[in-house]
Each structure stands twice: as structure tokens, then as C-alpha cells.
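Both of the next two complexes hold chain A, though its partner changes from chain B to chain C.
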Partner chain A sequence: MFQSRTRFATGTVLALTAALSLSACGGSKSGEASASSASCVDTSGDTIKLGFLNSTSGAMAISEQTVRDSLSLAATQINAAGGILGKKIEPVVEDGASDPAVFAEKIEKLLTGDCVAAVFGGWTSASRKAMLPVVEADNGLLFYPVQYEGLEASKNIYYTGATTNQQIIPAMDFLKSKGVKTLFLAGSDYVFPRTANKIIKQYAAELGIEIVGEEYVPLDDDDWTTQVAKIVEAKPDFVFNTINGSSNVGFVKAYYEQGLSAKTTPIISVSIAEEEAPAMGKDVTGQFAAWNYFQSVKSPTNDAFIKAFQDEYGADRPTSDPMEAAYTSLYLYKALVEKADSFDVDEINDAADGVTFDAPEGTVTIDGENHHIAKTALIGQINADNQFDVVWSSEKPIEPDPFLEGYAWWDPSAE
Partner chain B sequence: MKQLQTWGRTWGPLLAIALVAVALLMVAPAVLSPFRLNNLGKYVCWAIAGVGIGLAWGRGGMLVMGQGVFFGLGGYAMAMHLKLEAAMASGGPDAVPDFMVLYGDGTMPGWWEPFRSGAFTLAAIVVLPALVAVVLGWAIFKRRVKGAYFAILTQALAVVFATLLVATIKQTGGFNGLNQFTQFFGYNLYDPVNKRMIYSIASVALVVCLVLVWQLYRSRFGELLVATRDAEERVRFLGHDPANIKLVAFVLAAVMASIGGALFAPITGIISPSDVDATASILLIAGVALGGRALLLGPALGALAVGFGRTTLSETFPDQWTYFLGLLFIVVILFLPAGLGSMWSQALGRLRSSRPTPTRASAPTPTDELEVAR
Partner chain C sequence: MDAFTTPLLAGTATGALLLIAALGLALTFGQMGVINMAHGEFLMAGAYTTYLTQQVVTSTDLSILVALPVAFLVAGALGLLLEVAIIQWMYRRPLDTLLVTVGVSLLLQQLAKDVFGAQGDPVHTPGWLDGNIDVLGYHWPFRQMFTIVLAGAALAGLGALLRYTAYGRRIRATVQNRDLAETMGVSTRAVDRVTFFVGSGLAGIGGVAVSLISGTNPNLGTTYIISAFLVVVAGGLGQLRGTVIAAFAVGVVTAFFTDWFSSSMAQVLTFALVVVFLQLRPQGLFTVRARGLA
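Right after this comes the complex of A and B.
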């Protein structure tokens, strides 16, 4: 079916292609990698470029926009106060589009194209995992502002949200102090809930709390009817909620419709904050949440933060944990650069241990070893104004332990 | 003049493909930074899948809304191999991927085991999607499912596939997907020279796919495929089984999508459910529609344009870019339903109709926009 002249011409094009491609590539085997490109960050001018990489489109935009807002606020404040080492921050913003592959592309663009000194952003673990190899290969810096499942430490990432021993484990301590005997686990089928529940189950065995059920639904699935029916049947003292995002609405709906309430079977959540509480579609007064910051935290620093934020974005805008952690991350970066007296990544890392900032949540301190920060754990109870009353606190900052090495009961290989 | 026209019709497409090859393999590496070249590599992967969609949809009339599934099969097959390669480089021949230790109990499912072999992986990238497409296609086409029902069915497959991936954290990395690859068949992935090599492989794959479909379109099979698209019943009455004709196009499209996915993983360094879900599948379709689905180069150039547009628009207008992209699609669908590439053939057609020579349309373009409902 091929004519001979065509066959000849086709062969020519393919041969040409092969020749072109051979000239284009001269691959080198691993081990003999060419020297990685030196940092292209320009520190000669009177500004310093920083990348803000958050999803402003897609499913995560509603959450990540709040982080973008508080990063912008921190940049404005720092610039008004003279900048970092006398240089004004010049934000370069990019949209992660709620897609890990886009995050990987954009952070590469920020680090090697725009030559930013550091990148701030990411929300889902998927986005962080996608950025990690890029930021390591380029020896850049990423500040990640969201509580997460731990089990990670990179010399090129600073984690300013909580790791598990600053949120999940204190929440279990709180439940123990409340005399909880039985616990039901409800989560999204996602890496954070899976890992959190693995930790919860092992710690519960240690504390003598019985796990009477464990249910997952896919991310963004709203139908919790059957799972909640199992909660009704199991009659646990408490429900540990690791559900992600909008799926919480379906869960809370089924929970109240099947007759459960904060009096009989209270919920403790790790993803419902000031932004989410009013959006649940039900009155969630009396339910609990574990975080490291609440808008209700009483301190002059927090009052100033809330005032500045609401002056900028409107009095109806609440402040929440990830927003505070993002705001703090930019100030921590300023403190790091000033201590190192340099924008160089290696010099910043050498100077990192012990850098502190008087944050809205309280004083936070960088651990130079694992690049997480010491944070105080708080448990809040939702009041009628959809704010959280702090009912329990770890009193002092908890040292970060992302791999739970200091917890004898933790066995990562057990189910 | 007539001779020149005939010559152009025969060799013009090949010349165009050669131009694409030169642009991708010579011009782009010379003028683009390593980062931009790698980005172009990503669009090339979408373009490879796009060529397949052009074959199945543009010529075959099958609106394949779930090509993300095949893109994902290739992508995950490759990613599994790269993940194992990374694990074996640091932990010896029995090492398992890091996420299985972190989120599971450190044991690897048996079906991962063969992907330690590079040869098996390469074979799987072609055979796996072909098998799936044969089984699916057989069941669908023999039952004469077509039009909107076919489109919905394939779209649903993409949803199921992504949901399945998200739900199997311990086996597939779940929502996070697979990433942190360090080497590609022994080549260090952090070395820009090797990244350029993978880019070249992707570009060559695209050119080969273009040459292949060009030959197919010229062949009797190509004529039959278009005939099936335009009048399936008549083809049946002429003694051909339309199911078989469609099946071949569907399988070829699946394999092309799989190859695109397989190269996407090392180029972007990650494959996750959001690269293969319904939205990703629709964006693949969008590129093909933009470029012109029934044209030879339309699907590939359209996919490249959409990839380029997504990057450029989002860099220039990080907060509004999705609106611009949406607007672009609306404008093209409204005013150029056969794609941007049809501007060229329309102009040519006008030129030709002013002459007395009767010619048969060289690039068969679907005439009605409602073929989905057919």
C-alpha cells in the first residue's frame, strides 16, 4: 500500500530525524554529571526577588489564595520596614494550578529563570513532593507553610507548618486528658490521613485508647452516609477527623442528620479552621480542632497581625493556621538572611539552627537539623462566632520530630 | 500548475513534517534554555497523544475523551521503572520505592517486580495500552456503541482510573503520584545533557508518529477510516466490519498516548492522577480541537500551542490566565470549528474554487459539527 517513491521519502525524513537527534544528544552516564549550574540570584541591586508559588486556579485555589494574601502582606510590611539586608522584596508570583506537575515546572522557572532567592508556597503534600527534587537539584530554598504528615526533611525546604508530633500526637494527649476510651477514625483516602491514622493507632495502643472503627472516602467525595452510620453503631467517645477540604461538608451533614452531636460524640479535626468552620453548612459549635495557631490567640503580635490583615483584605476575613505559618515563613526567611548576612543557600543553612521569630502564634525556633520549627500545640473548641476557644495547650513549644525518632512506640514498618 | 498542485499534495505533508522535525530537533535546542526546552518536551508528549487523538477522532470520528487512561498507563509504567531504578541505585537490587516504606509496611506488590527490568518496561509501555484498548474497543465497537455514548464511556474511564490511583496509596503513590526519579535507564536525570537527550527522544517519537499517520491517511485503511466516520452503515453494507477499522485506530491512538505518557514522566519528573484524570484528558482533546482534528499536523501543533499557552498565559497573568485560555477555546470553537489549521485549507479551498479544475478535498474535514451526536 506504500508507493515506492513515498517509501524512499519517508525513509529520508526518518533518517534525517535520527541524524538530527543524534547530533542533539550526547548523553553522559550517571556519576559523571556535569557541574550543576551555580546560583544565578542577583544580589547586586536594591531589590531581591522572591517567588510566591500558590494555586490561584483549580480545586486548591480557595485555600491557597489565603496563603498568597498573607505572604503579600508580610512582603509589604517587610518592605515598609526597610526590606531584607536593605533590599526591598520583589515578589514574582506564579500559579501552581492545583497540579503537582505544574508546581514542579513553575518552581524550576522561578529558581532558574527568574533567579529568585527563595520560593514560598505549596499546600498539598503532592505539590511539595513534586517540588522537592527540583529545589534540591537547583540547590534552592522552599518555605512550605502547611501542617503535614512528616516523614520528610530536605536541606532545601523549611517546613513552617506542624509536623505530626506537633499536631496529631498532642491531639491524642488532649483526648487522653479528657478520659477518652474509644475513638473512631474518619479520613480522606490520601497520604496525610493514612499516615496520621497509622500514628494515631500506634499511639492509641500506647495510651490504652481503643480504636473502634476506621473509615476512608476518596478525596472530594461528599457521601459519608454509610460511614457515619458505622460511627452511630460504634458509639465512640470521640471521632478523629482527618478529612480533607470540601469532603468535610458531606461528613458534617451526615453526622448531624444521623443524630450525632458535640455533646454525645464530639469530633476533633485537623483541617477545619476559621475559614472552614462557617462553611460547614451546619452549626458546628462545641466541636474541636488541633492547630498551632487560632485567630483567638491573645498576644500583641497576633493583634497586630489580625489588624494588618483585615485592614488590607477586609474585616470579614478570618486568619488561620496556614496563613499565619506562611506569614511567619517570610519573617523567618528575613531572620535567616540577616543572621547569615547573605542570600546564599548554603550560608543560610549553616546559620539556620536557633533562628527565632516572635510570631502571632508565639515564639517559633528553627531546628537546623531537620528544618522544621518548634511550635506550641493548641486545641480549640468552636464557639458560636465560629472562632475557636483555646481549651488545651502544650504550654511550651514542641521540638519538631518529623521521623518520630523520639517516640519508642513508633514502628514505621508496622501496619 | 496542475503538476505543481499534485506534487504539493503528495510531498507537501512530508515537507511540513520535515519542517517540524528541524524546528524541534535543531532550532529549539539552539535557542531555548534548558528549562524552556524541557517545558517544550512536556508539550511534545501531549502532542504525541494528540496525534493519536487526531487519528481516532479527526479521521475515525471517535471522540476519545479518556486518553488520560492510556497516557497514564505509559506514564505509570515508566515511572514505576524509574522509581525502582532510583531505589536500586541507593538500596541494592531488592530495594523498594521510598513511599512504600513511608506509607505502607515496606513490602512491594508482586506486579511491581517485573518493572525492575528496563526491557520489560519498554515492552509494557506499548503492549499494556494496546491490550487494554483491544479489549475495551472490541467490547465497545462490536456492540456498536458510538457518538456521545462512546465519549461519555471513555470520559468515565478516565474518572475511574484517576480515582483508582488516588485510592491506592501503598501501590501507586496515590494522590502524590510517583516522582523523585534520579536516573533514566542509567542516565543521570539531574544532568541537563541527559534531559536534552530525553527531549530529543520525545521529539523523534512525535515525528515518527506523524510520518506513520501520514502514511495511514494515504493508505486504503485511511480511506476506510474516513468512510466509517462519515457513513458507517454504508461501509458495513460494502462488506467491511467497521468495528475492526475503528479498533485499529483506537489501539494506535492508545499506544501513542501511552508513549507520550511514558516520556512525560522523566521529562516533568512526576506523574500523578492530576496528569491523567478527566481534566487532563479534556485538555488533550482541547489541543487537538484547537489545531484542527482532521488535519495531519493540526493535532500536534494544537497540543503544542495549548501547552505553550498554558505556560505563557499563566506566567504573564498568574491570576486570570484560565479565563484567557477558556476564551480562546470559545472563540476557536465558535468561528473555526475545524480548528486553527483549517484557516489554511479554507484559504486554499477558496483559491482552488476560483479555478475550474474540480478537485477532491485533500484533507477530509468533518463537515458537521454535531458528529458527537451521531
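Right after this comes the complex of A and C.
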């Protein structure tokens, strides 16, 4: 009896481990979007409902909570100043639970159940991809506040974070200006880093920068030892880091352990901001990051934004790029509605081109064609206070080009 | 030149980490037959203990040494609590144990998120571990050597406990024949508890080593639990020798696959290799020819 139990246990564990490994690559499907129906948004009262859909539980909560906080701040400010078209914002909040399927389900509920006029949120590309068919089927509006891999445009989504020609391509221009000749690519193994690196490789060939290595590690894996050993061997001038999440910590620790540093081989990152820098457990002073906003940006608008945010949530809270993009998205929505003089999605889309807002990062302008916004690209260098000193800027806002149509070297079909 | 030394040395360190994680399982799963899916969360508890210790003992050089026994006690206490509260009622029901401990594992992860936040906290490497030596072109970090030493110490400690102490004799007796041991006056309940305490405590020590690689985060345990079970099953249940060999084999083979192909591919290939191995040798590397086992 004991014998058969042991066998049974062994078999169960194997089956279970197999199932767990499979589920790790499975991803999730969004629910079948319901048939399109006439908008149920109620604009007769003196309030207007807006949906805030962010993960307040699960692995993404710490990042998305910051977005929720800045959305709430913007709503409070707009209401204090009289609301949108005289109507006060009534936020309807939902938890995306760090699960793309939940995002799809909740946005359906917000649009057709709560009848909100627009939804603000999402973070991972997987969550946006899950919400896209739903928001299109319902002809709703989604404002997405995070930099991403581009190659997407929907008439029902406004992208207030950077697309690749506003973050990754300027970062390459910066490396060229530094005289970088050899570059090593390190990324997490999923859609954003793989797409970003495809663009980087093609642009590097154009710029005459040699790619001397390319390594990926799964998102949930923190051991970068073997890959960092390859960086040590390849001796690149710079490392381009597209790692996301906690895997960054393992990368940075392995990097410094094997004797690399900002002095020997600097890293430029696209997902390490004011929140992440202190969590590395290593002194990362001197490393670089590419964003469109830093807390250190000097402008009266940014000073007011930081003061309002820290008054509300505490003086120890840093502000970061996605938070600023979320704050901006609500103000852009207000400007859109006021220009269209309507909460109707189609009328808003017709009025969208050229709508601007004087944001903490600088003046941003909506492109009516692709629904992205013109943004200024910045490169920051981490200082001893885990803040970023701006060391390079595109000087003026870059027009969004999510499909890289204006870049002759870009060949989406090439490897 | 270091196409060979890098995977070999880095893989040995990974193997050592797997060994510490698997030693506890070799006790609770291999010897007691309990499938504890929350074992990975005891690693996580060890990592958070390291973080908390660094908040109290501000000298980084000392704090890691203080964290080791504290992490052992914290994770051990958690294991003991789990045994007393849940597992003791399910000793003859492996499937129920599995489901319940999966639940406990999720519960502990959410608890960590609620208490510490989902982002993860930094763990600082002590000065005496910060550095490396050049071994034929591979800058071998002191931290990896420390992991190997730690695994060796954990193995020696556990081996000595099982072989030379009265508790060890009772554990072995209970494993070999529970009913007979009971008739000889061994309190098998007490033995179960001690075994669970020690097995879980070892995971806490593993957590200290893991925290030096990646800091803390609430999902840290899930990264290691699958590989750890793989090691115990491939090594063969009921003894430690197979676990040791399997841990280092999995670590080194994965490192070579990572070097030749990619990290994602290495996980797939290693898993496939172990499955093929178990097809040929379902009992694992070694088996104990004793009543009630094998």
C-alpha cells in the first residue's frame, strides 16, 4: 500500500510540474466580445462616469497602483476646477488583478455595465492586447499610459506613453552620439524586448554600431550569471537593457558581481525608473535610462505636479514616467471632450487631431491618425539620490510613428 | 576558453542552490511522502528574513551571518505550523495534501504582497562576498562559492543529524516502518514534526542564498519549487545521495544548455531530459531497498 502511494505521489508531482510549466507559456485569451450596441453613457446628469482599470492586486500592483494614484489626483484637480463640460468626474474603479483575462472582463463590465464614458489603465502589453478587441467591439475609449513596443493603432485607444520612435530609436541616437561602436542586447523573453531588439538591430546596422551579443531570460527567472559572463567576454561599449520587472535585480547583481559597472560597461535601460532604481540592492549611480519624463525635469508645470502628488500621497513618493503619462491622459481626455463639445466617441475621434496639453514633461499633442502623442525623448543618468540627471534630449517633441513608416531602414518582415 | 569553465562553475553554484531547496523536500517528500507545494514559499520566507535582518543589523558584513540561523528558525516554524495545522490530518491522502498546500502557497504569496508590496525589496551583498576571481576567463563571483559552501554545510549537517543523533535514528526508523517504530516506543508524531521543522528550515537557508541573487519578491518560491521536485524525483526517493548528484547534474546541464542555446530553451531541454531519464529509470538514480519504500 505504501509502495503504490509513493508511486502515485511521484506521478502526481510530475504531472503537476508539467502542467505548471505549460501554463507558464499558455497566456490567456480574452473573452468573446459582445455585439456592438448603441452607447449607454448617460450625459444628462451633472456627473460623468469614467473607469479606472488598474491592477491593485497581483504582481503588477506596485506599479499600477502609482498610475491609479496619479489618475485620482488628476480627477480631483479637474473636479475642483469645475469638471469636464461642467460635469464632475465620478470614477468607477476596478482591479485588473495583473491578469489579462480579468482586464478584458472588467473593461467589458465598465463599458456596458457601468456605462462609463472612457476607461484609463492597463500596463503590460498583454493586458492592452486583451482589452483591444473588447473596446473596439463596444466602440468605447481606452487611455493606455505606458511605453510599449509600437506596431499598433486602434481608433478606440489613445496611447499616452512612448512608442518605439520616441524612446528606443532616440536612445540609439544617444549611443551613436557617445561614440558607441559595440552594443550588447539583454532582455526578458517576451513580446516587448524581442520587438524592441528587432528594431534596435536594424537601426544599429544603419548607424554602423555592431551588435556583439543578444541574450534573453524568461520574465520569472532571476539568474543572469551565464549571460553576464558572455557580456564580460564580449566587452561591448554599452549594454541595451530591455529586461522587465524583478528580473532586473538579478541582472544588476550578476553584473556588478562579475566586475562590470557604469565605469567599465554602462547600461541603458528602458524600464528602470525612479521607483525601481533604489530596489536593485547595488549602487547603480552612473547608469542610464531612456524615458520621456523624469522627476528631475525642470518646469513650473512639473513642480506643481510633484507638489500636488506629494501633498496627497507623501513626500517620500517619487514621480515617474508612467504616472505622468496617466495624469496627462485624463487632462487630454478633458481637452478632447471640450474640443468635440461631446462625450460621444466618434465625435471625440473626429476632433482629436492637434489636441494639446501642457504636461509636466512638456507640451504634448495628439496625432489624430494613430492616436499616439508627440513627446520629447530624454536620456537620464542615475545620480546618488536615485534621481535621474537629464544628459540628452531630443530638444523638441517627436511625432509618433508606431509602424516606423518614416524609417527607410525598417523592414518588419526581416528577422 | 571559458566556454567550458563558465557553465561548469555557474552551473555548480545553481546546483548547490537547488540542492539546498531539494534537501528539505528530500526529507518531507522523499522520506515522509508529503507533497508540500508551499515549500517554495519557505524559501521566500528565508529571503524576506534576510531583508528584515538587514534592517535590524545594519552592518551588511554581519547581517548575512545573522540571517542564516534566523531564516532557518522562521522557515522551520512556518513548516511546523503547517504540519500541525493541516498536514498531520492528511498523511494518508497525498492528493488532498497537494491541493491544500498549493492553496497555502498562494496564501503565503499574497500575504507577502500585502505586507511587503509586490515590487520586492533590496538585499545588500556583504563586502566579503562582493568580488570575484578569474578562473580561466570566468570572473567567478565569491557569492557563488559561498552558495556551494552553504550547500555543503547544509548537507553535512543533515547527514550528521540523520546518522549520528537519536532523532536521526527515529526519523529513519519511522520512514522505514512507521507501525513497527511506533510499537518500539518511537513517538512518530514527534518525529513527523521535527522532520518537517528541519526540512522547512533548510528551505529558509536556501532563501538567504536566493536573496543574494535576486533580492526578495513574493513569487520567488515558484521559480525553484518545480526544479526542486524534479531533483528529488530524479535522484530517487528515500535517500540523500541521489538528490545531491541530481541537483548538481540538473544545475550544470541547464547551465551548458543556457550557454549553447538560450535560457528558455535550457529549461525545456532539461525538463525533457529528466522525463526521458525517468522513463528509463522510474525509481530515480538510487533506491533504498527497505520495506515500504522503493
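Everything below uses one rule, namely that the second predicted complex is superposed on the first by the 380 of 415 C-alpha atoms of A that agree within 3 Å, B and C clash if a C-alpha of one lies under 4 Å from a C-alpha of the other, contacts with A are read in each partner's own complex, and residues count from 1 in each chain.
Just so we're on the same page, contacts are C-beta pairs under 8 Å (C-beta built on N, C-alpha and C of every residue); 3 or more make two chains touch, one makes a residue touch a chain.
Being a predicted model, the structure only gives us computed values, none of them experimental.
Touch criterion not met for A:Ala335: it reaches neither chain B nor chain C.
Once chain A of one complex is fitted onto chain A of the other, the partner contacts of A:Ala262 are absent, as it touches neither chain B nor chain C.
In the superposition on chain A, contact of A:Leu85 is made with neither chain B nor chain C.
In the superposed pair of complexes, A:Glu275 makes contact with chain C only, with no contact to chain B.
Touch criterion met: A:Pro218 reaches chain B and chain C at once. Contact with both chain B and chain C is seen for A:Ser57 once the two complexes are overlaid on the shared chain. After overlaying the two complexes on the shared chain, residue contacts for A:Thr226 are found with chain C alone; chain B is out of touch. In the superposition on chain A, no contact is made by A:Ala234 with either chain B or chain C.
Applying the stated contact rule after C-alpha superposition, one finds that A:Asp189 touches each of chain B and chain C.
Note: residues 2, 6, 9-10, 13-14, 16-18, 20-21, 57, 189, 218 of chain A belong to the chain B contact set and to the chain C contact set alike, using the contact criterion stated above. Residues 10-11, 14, 17-18, 21-22, 25-26, 29, 33-36, 38-39, 42, 89, 101-103, 105-106, 163, 166-167, 169, 174-177, 179-183, 186-188, 190-194, 196-197, 199-201, 203-204, 207-208, 211, 215, 218-221, 268-272, 274-275, 311, 314-315, 318-319, 321-322 of chain B touch chain A in their complex.
Interface residues of chain C facing chain A in the complex, by the touch rule stated above, are 2, 6-7, 10, 13-14, 29, 33, 35, 37, 92, 94-95, 98, 110, 113, 117-125, 130-132, 137-139, 141-144, 212-215, 217-220, 222-223, 226, 229-230, 233, 237, 255, 258-259, 262-264, 267, 271, 275, 278, 282, 292-294. If you check the complex, the residues on chain A that touch chain C are 2-3, 5-6, 8-10, 12-14, 16-18, 20-21, 57-63, 189, 215-218, 220-223, 225-227, 229, 232-233, 246-247, 249-250, 253-254, 256-259, 275-276, 278-282. On the side of chain A, the complex with chain B involves touching residues 1-2, 6, 9-10, 13-14, 16-18, 20-21, 24-34, 36-37, 56-57, 93-95, 97-102, 104-106, 108-109, 112-113, 124-126, 129-130, 132-134, 137, 151, 189-191, 194-195, 198, 218-219, 412-415.
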